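Each of the two complexes below includes subunit A, the first together with subunit B, the second together with subunit C.
Let's turn to the complex of A and B:
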């Protein structure tokens, strides 16, 4: 029998470096470096993630058929130098900031691979948006689909429309840098006082508090969107070519003042700006999808790229009936490029057949990261003398469900870690969605983050329609859907009201997961992909009648989601969580010894 | 180190390197701006075009396109030079990559800039 073709995909040096292992076209493992290095969005060469992938695959580096980088450094260099030359003298600031990395580490991928793997493995190079396209089409169950990728920038492309058929991906149209929907959204993210490349999610969460009063200004002055969805930025308002800021003084004047200082009080202006850029982004995405459907003739849609994490826009695409079916890569940002690169090389370079999919998809619930056995968890707890009890699976499900129903907050670490930014019940903090205090408790005492940010529901797949107007499954928490009219409470937004007061007013019988616009970012939970979580929800349903819990990532603000038992225990003790579940080991906060946390842990993680 | 924009440079380079980079930029890259700068204004672009889509050179990657020869700095420079063949950037390729030898041992950045999308 021929030996399997093991392909290692790597993304690195920009955002969220990651590694993924694909063997004969099957996804074996994928993980972001940040989970191991404990540095959020870690962009460095993912040595830890690579080691994990090889270990999970039970192979040595010498068994690899190839290592594939997720983009083409020559084309990236082409774009960088061409744009600097076009910009002229004013490009000096970005050059001084970017050149050392661009000319140093970023052109040494071959070298870094050789140093890390210590053997001679062929190194291949993909292209950024093809990697994104491959990351969403190949793991999907579709045999044919339109593919939309939208992000900040790759080599030149910032947006691509493509067609996937069998094991082929054909790019139909592109939009090139500096015209970028991702960069437009990031410009507003920075202008509203959030960090670029991590605060975009906050901006999306802020949008429902505002009104799109700036939308016409954005359409008239900042971005021209054609009927086919293609767009061009008016570069006179942006700073990313000739400064180290996304925006410039003309942008500030246009939108009525200076950028908001990070961590300062949010005002109605930021809410309105968020609402405005969200509306314009949705318009562009919808038009792009319409064009893709018209051009390809297929009503299956695959999406990837950072903008595909905009689950409000995604929800609208499906709700408006633009497509019949949608599949979005859960690691839609650059991390997913590692997986896409490995899959693209498997099919296009090594000619591996793409086997038919008889499951929901080929992503395995995105539970592709590191897992820890009971023996490993117990070893950690025993060595460190932490008291715990062991419960078998069924008993554990009942115990967790009862704890949540009693109003406790539970840290839940069971199974392999998720690949992608959303926690899906393997590294999650869980709470009771019926409890009015859950949102503020989890925000302020557990996550230590802004109180305006809503939490997401994990719902039993068969109960989803009881709570949400959502026709499709949403296993990766990438679709926002309206909460059913039947469970809504009277609620109106008042511009004069403080955000905290708004957050604390209930909007539905599930207040902790209902945003101020009656929307929710839904995760449907399926027995076949996550039985332990599904069974816990079933137990919660038996106790409370509700098949839904609050699910947020197992971390504090600025920290990557926990990976190991140690990470989970430390996070548990630093916050006001009540119960910690690590595989079959259950820990109660009240029974734990005093935690000797000498480090100034809040300084350990930079605010995101 | 504070850049002309007032923003802290997160790459820790010394003043000599900074000087070298500045000189290279002014002497080798800026002079190309006359040849490369886009003359079309936003208003023209908006008015004149029905679509902003562009076509790829080919709809997908060929097998050989996966195989970039970037095994070392010389190979990278040669591949880049070939890519820039018959373009104004071609004469810059070798010296640009040679300039980078100074930054080979620079630690990789741990953090992304909070001010601008990492696009270099």
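Let's turn to the complex of A and C:
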């Protein structure tokens, strides 16, 4: 019998570096470097993530058939050099920022691999958007699908329309840099005082507070969107070609003033800007999807790239009936490129057959990261003399459900870590959605932030229609759906009111998860992919009658989600969580010894 | 950051976390660690009944035996098992351990295992670990220097008295101990090191010419450290229900550094004779290699044997086991 073809995919050097291992076309492991290095969005060579992938696969580095980098450094360099030539001296700033990555580290990728693994493994190179396309089409259950990838920029492409059939991906259309929907959205992210490449989801969360009063200005002046969804930016308003800022003074004048200072009070202007760019982004995405459906003739849609994390737009694509079925890569950003590159090499370079999928998808719930055994958890707790009790699975489910029903906040670390930015019940903080205080408690005492965004619900798959107008499954928390009319409460948005006060006013019988526009970012929980979490929710349903809990990522603000028992314990003790669950070990805060936290941890993590 | 590999153990001080599946980043490119339910890097469960017709050999030692830097399957114990038909080799290596912890490992986990031969394979430097109650090691989670308590014996009226039982739990981070003037390399040492860079083998030649031995605790049969180690081995043999082989594993100072091995070989030969044990000496297999090749048996910075070093050990020890087991 021939030995398995193990392919390691790597994405790195921009943001969210990651590694993924695919063996004979099957996804074995995938993880972001940030989870191990504890540096959010860590862009460095993902040595720890690679180590984890080989660990999970139990394979020697020399047994890898190939290591695949998710993009083509030569083409990226071509763009960087060409842009410098076009912009002249003005482009020196972006050049100096981009060149070390494009000309230095990326070009030396072969050396970095050889240095880390100390063996002679073939190194292959994919292309950025092809990796994104592969990351969404190949793990999906589709045998045929249209593929839309939209992000800031890869080598040249910023938007790609493609067709997936069997194990083939055919690129149909591309939109090239500098015309980029991702960069347009990031420009507004920065203008509204959030960090580029990490604050975009905040901008999306801000949109429901605003009115799209700037939408026409955006359409008229900043981006021309054609009926087929293709678009062109008016570069006179953007700074990313010739400065280190996404925007320039013309942009600021156009939108009525200077950018918001980070961390300063949010005003109605930012809310309206967020609402406006959201509307325009949705229009562009919808048109692109329509074009893709028309061109390919298929009503299955796969999406990836950073813009595919815009779950409001994704939800709209489904609700508007543009497609029959949609699958979005949970690690839609650059991290997912590692997985796509590995799968692409498996099918295209090594000719591995793509077996039919008899499950929801091939992503295994995205529980592809590191897990820790009970023995490992106990080893940590025992040597550090932390009190805990051990409960078997069923008992644990009941205990956690009862704790949540009692109003406690629970840190839940069970099973393999999620791949992608969303916590899906493996590294989650859980609370009671019925409780009016849950939202403010989780924000102020757990996350240490004052957020204008509500939390997301995890709902039993068979109960999701009781709470949400959602026709499809949403196992990866990538679709936003309206909360059912029946559970809504009377609510009016008042322009003058502080956003944090607004979000704390109840809008439904599940106040902690309902946004001001009566929407929710839903995770449907399925027994086949996450039985422990499903069973806990069922116990919660037995106790309360509700099959839904609040789920937010297990971290404090600015920190990557926890990975190891140590990370989880430290986060538990630094916050006012009441219960910590690590596999079958249960810890009560009241029983823990005083926590001697010498580190000034609030300064450890950069804010989004 | 790697996983934690070890857990606290009240008798041994620490052991590998049982049923562990880990990979450790390393200058050699990284290595896979698998542990059994007993908490040793064993590929199969040694508690299961012995297969009829298969002889079972239990091997005890430190990180050279456990295989730091090398994956399960590529260590000398694994290679011997592949070389010798009908032989199962069970690895009880405990990194950083002294002979005391290796003996206690046997008492805790192996004395009731049905076996044909017990191989006691201390790396010869282990003698200096025996008299002390702690070890400085690197934390596998953050790479910092930590002090871990260990069990140790004292020799009182010819009897071994176990100390640190149970072993204290605390793992204390310590600052690297600064070198004082006396331990700073002198001018002669620096000149030798510089010459060795240009003329590989120069340092070894000078050490051989000067008749340097190490560890010096083997120089005299009356040295307290040797008497302690000897007594541990004697008591171990008394407890064992199987034949015993002693296999002192040389350091790379002996393999490539020109340090004389005669003292330790003499001591182990004496005790082997006393307890009627076989003596296995893998050193000649290293010395048979051309000098330049000997250095390629270890990692450049980490002094543990690499896969090639384990091959040499396997060839040396395997050949002797073939005779002892009458294969």
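Throughout what follows, the second predicted complex is superposed on the first by the 606 of 608 C-alpha atoms of A that agree within 3 Å, B and C clash if a C-alpha of one lies under 4 Å from a C-alpha of the other, contacts with A are read in each partner's own complex, and residues count from 1 in each chain.
Convention: contacts are C-beta pairs under 8 Å (C-beta built on N, C-alpha and C of every residue); 3 or more make two chains touch, one makes a residue touch a chain.
In this text, all values refer to a predicted model and were calculated from it rather than measured experimentally.
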Open item on the list: By the touch definition at the top of the document, which applies to A:4: first (subunit B), second (subunit C), both, or neither?
Closed with: neither
Open item on the list: Quick check on the superposed pair: does A:74 touch subunit B, subunit C, both, or neither? Answer first, second, both or neither.
Closed with: first
TODO: Counting touched residues of subunit A, say whether subunit B or subunit C comes out ahead.
DONE: B
Open item on the list: For A:444, using the defined touch cut-off, is the partner it touches subunit B, subunit C, both, or neither? Pick first, second, both or neither.
Closed with: neither
Open item on the list: Quick check on the output: what are the common subunit A residues between the subunit B footprint and the subunit C footprint?
Closed with: none
Task: Footprint of subunit A on subunit B - complex, ascending - done: 3-5, 7, 9-11, 13, 17-18, 21-22, 25-26, 29-30, 32-33, 35-38, 42, 45-46, 49-56, 59-61, 63, 66-68, 70-73, 76, 79-80, 83-84, 88-89, 92, 96-97, 99-100, 102-106, 108-120
Task: subunit C partner contacts - residues on subunit A that touch it in the complex - done: 36-37, 47-48, 51-52, 54-55, 58-61, 116-119, 372-373, 375-376, 378-380, 382-383, 385, 564, 566
TODO: Sort out for me which residues of subunit C touch subunit A in the complex.
DONE: 1-4, 6-8, 17-25, 27-30, 32, 34, 71, 141, 169, 171
- [ ] Flag every residue of subunit A that touches subunit B in the complex, lowest number first.
- [x] 13-15, 39, 41-45, 68, 72-75, 77-78, 80-82, 84-89, 91-111, 123-127, 130, 152-153, 161, 168-177, 179, 182-183, 186, 190, 195-198, 224, 226, 228, 230-232, 234-236, 239-240, 243-246, 262, 344-345, 348-349, 606
